[in-house]
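Going in written order, the chains are labelled A, B and C, and every chain counts its residues from 1.
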Amino acid sequence: MITLNEISKVYANSQKRAVNTVSATIEKGEFFVLVGPSGCGKSTLLRMLAGLEDITDGSMYIKGEYANSLPPKDRHLAMVFQNYALYPHLTVGENIVFGLKVRKVKKDEREKRLKEAAEMVGLTEYLKVKPGQLSGGQRQRVALARAIVSQTPICLMDEPLSNLDAKLRGQMRIEIREIQQRLGITMIYVTHDQIEAMTMGDRIMVLNNGEVQQIGTPLGIYNEPENEFVASFIGSPSMNIGKGTFIDKGVEIGDFHIPFYSNKRGEVKVGIRPEHIQLDENGQEVTIHSVEVLGYESIINFYMGESVWKAKVSSQVMVGKGDKIKLAFPLDKLYYFNAETSERILIQEMKEMVGV
Amino acid sequence: MGLARNINQEPKSNKTSVRKSDLKVGLLFLAPSILLFSVFLFYPLVRTVYYSFHITDITGEQSVFVGMENYLFLFQDPVFYESLKATFLFVLYTVPTSIGVDLFLALLSNEKLKGIGFFRVIFSSTMGISAAASAVIWLFLFHPSVGFFNNVLNSLNLPVVQWLINPDWALLSVSITTIWMNLGFSFLILLGGLQNIDQTLYESAAIDGAGYFSRLWRITLPSLSPTLFFITTVTLINAFQSFGQIDILTGGGPNDATNLLVYSIYKEAFVNYHFGTASAQAIILFVFIFILTILQFKFAERKVHYQ
Amino acid sequence: MKEIRSKKFIFYTLLIISALVIFFPIFYAISVSFMSEGDVRARKLWPSDFTFSNYGSAFEQMPLLHYLKNSFIVSSVVMIGQLILSSLAAYTFAFLQFKGRNVLFFIFISTMLIPWEATMIPNFLMVQGLGWTNSYAGLTIPFFATAFGIFLLRQHFLTVPYELREASLIEGLGHFGFLTRVVVPYCKTSFITLGVYSFLTTWNMYLWPLLVTSDDSARTVQIGMKQLRSQEMATDWGGVMAGATIIVIPTLILLFLGQKQLQQGLTKGAIK
């Protein structure tokens, strides 16, 4: 549906590449998420897709057509903005059909689409109200309805939920996903929230500093991160990553010892997700920094060498600062990263590295 | 929804295509204004300068270059000096008084009193009265026999004043009329400025125990300084451009006592048809206003407190 | 408590005195307009017998209705012209980007520094040459371009969130569409301010109509006022005051209606 070939963006007064040679193919009907920290270039990329920003280098194809210089209105897409971009002087109904009016869609058709969209987002009673009188969540739905009535095959969303409170966000996530699937829209969704990315996306693109870190399915990225950035960005709380050193019988990291037979020297980064660490009578003893009991699970902050690591266990742990506790670090849940390049080193490579 | 955006922080794209189309649209949208400004402002300004260096006939067509002669003539012309003097006196009479009175009224009207809206309407009402109408009304008030002021003087057994006929009084009378006329506008602006002052400043002063005048001096006036500056500039420029009330009240007399610069230009050009000297006067006026405005800005840069 | 009450007393006293002093001329003018000739000569403050005859004579002495019509047409045309030209220019300076835009803006603003008197002689000769004397054209067209108006509108245009522009781009709106369907409604209050201000100042214009009209055909009401004055020098003050009252009614009404807007709008422009 959409193909990006080495897309780059450099702003007029700066050296830095806001977006650096990004390539991807987005399939029809896919819910494709662009995720990354602030300033990683995801919004810029989205805006280039929309035609609101020029493309410095590379080429973009929409439905097979070369689209670099296509103006926004010829790209047949809809966009939902972070601040909703509703026209304050128009009613909700008028806001929703505004684009249709501009495109001279006939009145009956407009009314029909308005009715359907309003029902889908649950705003049927609010059509005559002005946006100023609505809550954030309701305004968001107006923006959503506006995208729905356009009946464009592609929809772009730029952090639409970031101004809503947590509960509402959770609700809207489900609604948006449902509408997208029902209507078969190709959705490109930008967010900095990795939970949104994980729960909504068919595939995710993780970006950092304008560069693609990894593209894959949520679980795929979760299970097999390709570098340290992706590993620590996806998953909450973040993966614990520390520097370890090769010693005779393996890798030593803090007080922790991973048994490998190796004759390698030097450093390697080792990581494990908090949720994979287990309470185990036969495990390693660690000293506790603090504990956060969440009710159904607890997060244990403990010392690993100089740093503090987290373990997420599904029980109510009643210990405190300074206490000792025993944890197990399953070997098959460990991740290894190159100490210099931060790239993931797979077990096979690892075994080769250490000559097993 | 959304704050005022700094247009220079907006995403500047390399869009040469957009910039080109923006240029086309921009020039299209600006064309009428550019055309009108050029034809009715810039070109005439240049032409005025041209005329000031020439002597022309009634139609302005035939002209003889005379260099600085027009200006030199003016600098030795006693009538012109009277005019300048009258203008400066007029400005002196009207500008500080105007500002003082208007500020006084604005301060009064800023108080949270019941029915204050009524007073605000009254004070701003002169803005709806044109120069011509004001002049006619005051013409009547100043009338030597049936005018109100002389009535009052009579009933107090005081000598009557020839408000508009006595050269010693004429300028003053015109000044009073002008101050009254311009009340409404300045009042509204100053009131607006007062209302924009952050209330929390007053609240913290109240906690410190500051009295009315103390608050006035320390908070109100400094906070008002941008507005005061604006009003001073506008009042000053307006004073130099006064015409309508003079035409109706005194016609420039008696004995040129109220022959302010603009009136003088008008007479020279459209009664005497001396376009050359009239244009020279106009250029002199322009220079005055220009210098004044620049001076004002320089002064303001140092003294005005911007929040 | 006592301090507050005495403060209130002082303020009210000052307010009332000021209001009386300032409103007196207007009150007196209206009062005289309803007085008979005898009352005027007797220098009364209030008509002993209320009469409308002065108004009748005001309309008889000069083509007042015709002048009112002219003023109304001229003021409306200038108002509309200023609104259109200013919004187009303000739009350019607020939403479009191109090389030299800022230079052009600076040039536009600099026009505010040029006093109109420095251009009036050539302007008059030009208007005369074009045959625009005694015509609506000569009274209106030169005034359509106004830096003040452009500045005022631009300030407000800048507050339109850029996202609205982007959303409208995606929906297919061009510049003109965006201006008319989004920017104008969004900035309605500034348009009202500019409109009121425009109408008022044009209605009150004196020197230019004086120059440009030599007969009654396009003469405006302010110049009509001057006619009245020269004709009625010693006698019909009642009629003159009636004329003055009639002239100020439209502007006073406009002022009362648009006062809040005007005050806020002008202040915004003043404080930046």
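Basically, a residue touches a chain if its C-beta (ideal position, glycine included) is under 8 Å from a C-beta of that chain, and two chains touch if they have at least 3 such contacts.
Everything numeric here is computed off the predicted structure, so don't read it as measured data.
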Chains joined by the largest number of C-beta pairs are B-C
Relative to chain C, which chain has the most distant C-alpha mean position?
A
CA centroid of chain B to CA centroid of chain C, Å:
15
Taking the mean of the CA coordinates per chain, how far is chain A from chain C in Å?
58
Just the number, please: Cα centre separation of chain A and chain B in whole Å.
61
By the touch rule stated above, which residues of chain C touch at least two different other chains?
161, 163-164
Spell out, as numbers or ranges, the residues of chain B touching 2 or more other chains.
1-2, 12, 18
Touching at least 2 other chains, the residues of chain A are 52, 83-84, 88
Could you list, by residue number, the parts of chain C that touch chain B in their complex?
7-8, 11-12, 14-15, 18-19, 22-23, 25-26, 28-29, 32, 40-41, 43, 85-86, 88-89, 91-92, 94, 96-99, 101, 104, 108, 111, 113-126, 141-142, 144-145, 150, 158-164, 175, 200, 203-204, 206-207, 210-211, 222-223, 225-226, 228-229, 237, 240-241, 243-244, 247-248, 251-252, 254-256, 259, 262-264, 266-267, 270-272
If you look only at chain C, which of its residues touch chain A in the complex?
161, 163-164, 166-167, 169-173, 177, 182, 185-186, 188
Chain C-facing residues of chain B, complex:
1-5, 7, 10, 12, 18-20, 22-23, 25-26, 29-30, 32-33, 36-37, 39-45, 47-48, 51, 59-60, 104-105, 108-109, 111, 113, 116, 119, 121-134, 136-141, 143, 146, 148, 151, 180, 183-184, 188-189, 191-193, 195-196, 212, 226-227, 230-231, 237, 240-241, 243-244, 247-248, 262, 265-266, 269-270, 275, 278-279, 282-283, 285-286, 289-290, 293
Residue ranges of chain A in contact with chain C within the complex
50-52, 71-73, 77-79, 81-85, 87-90, 98-99, 102-103, 150
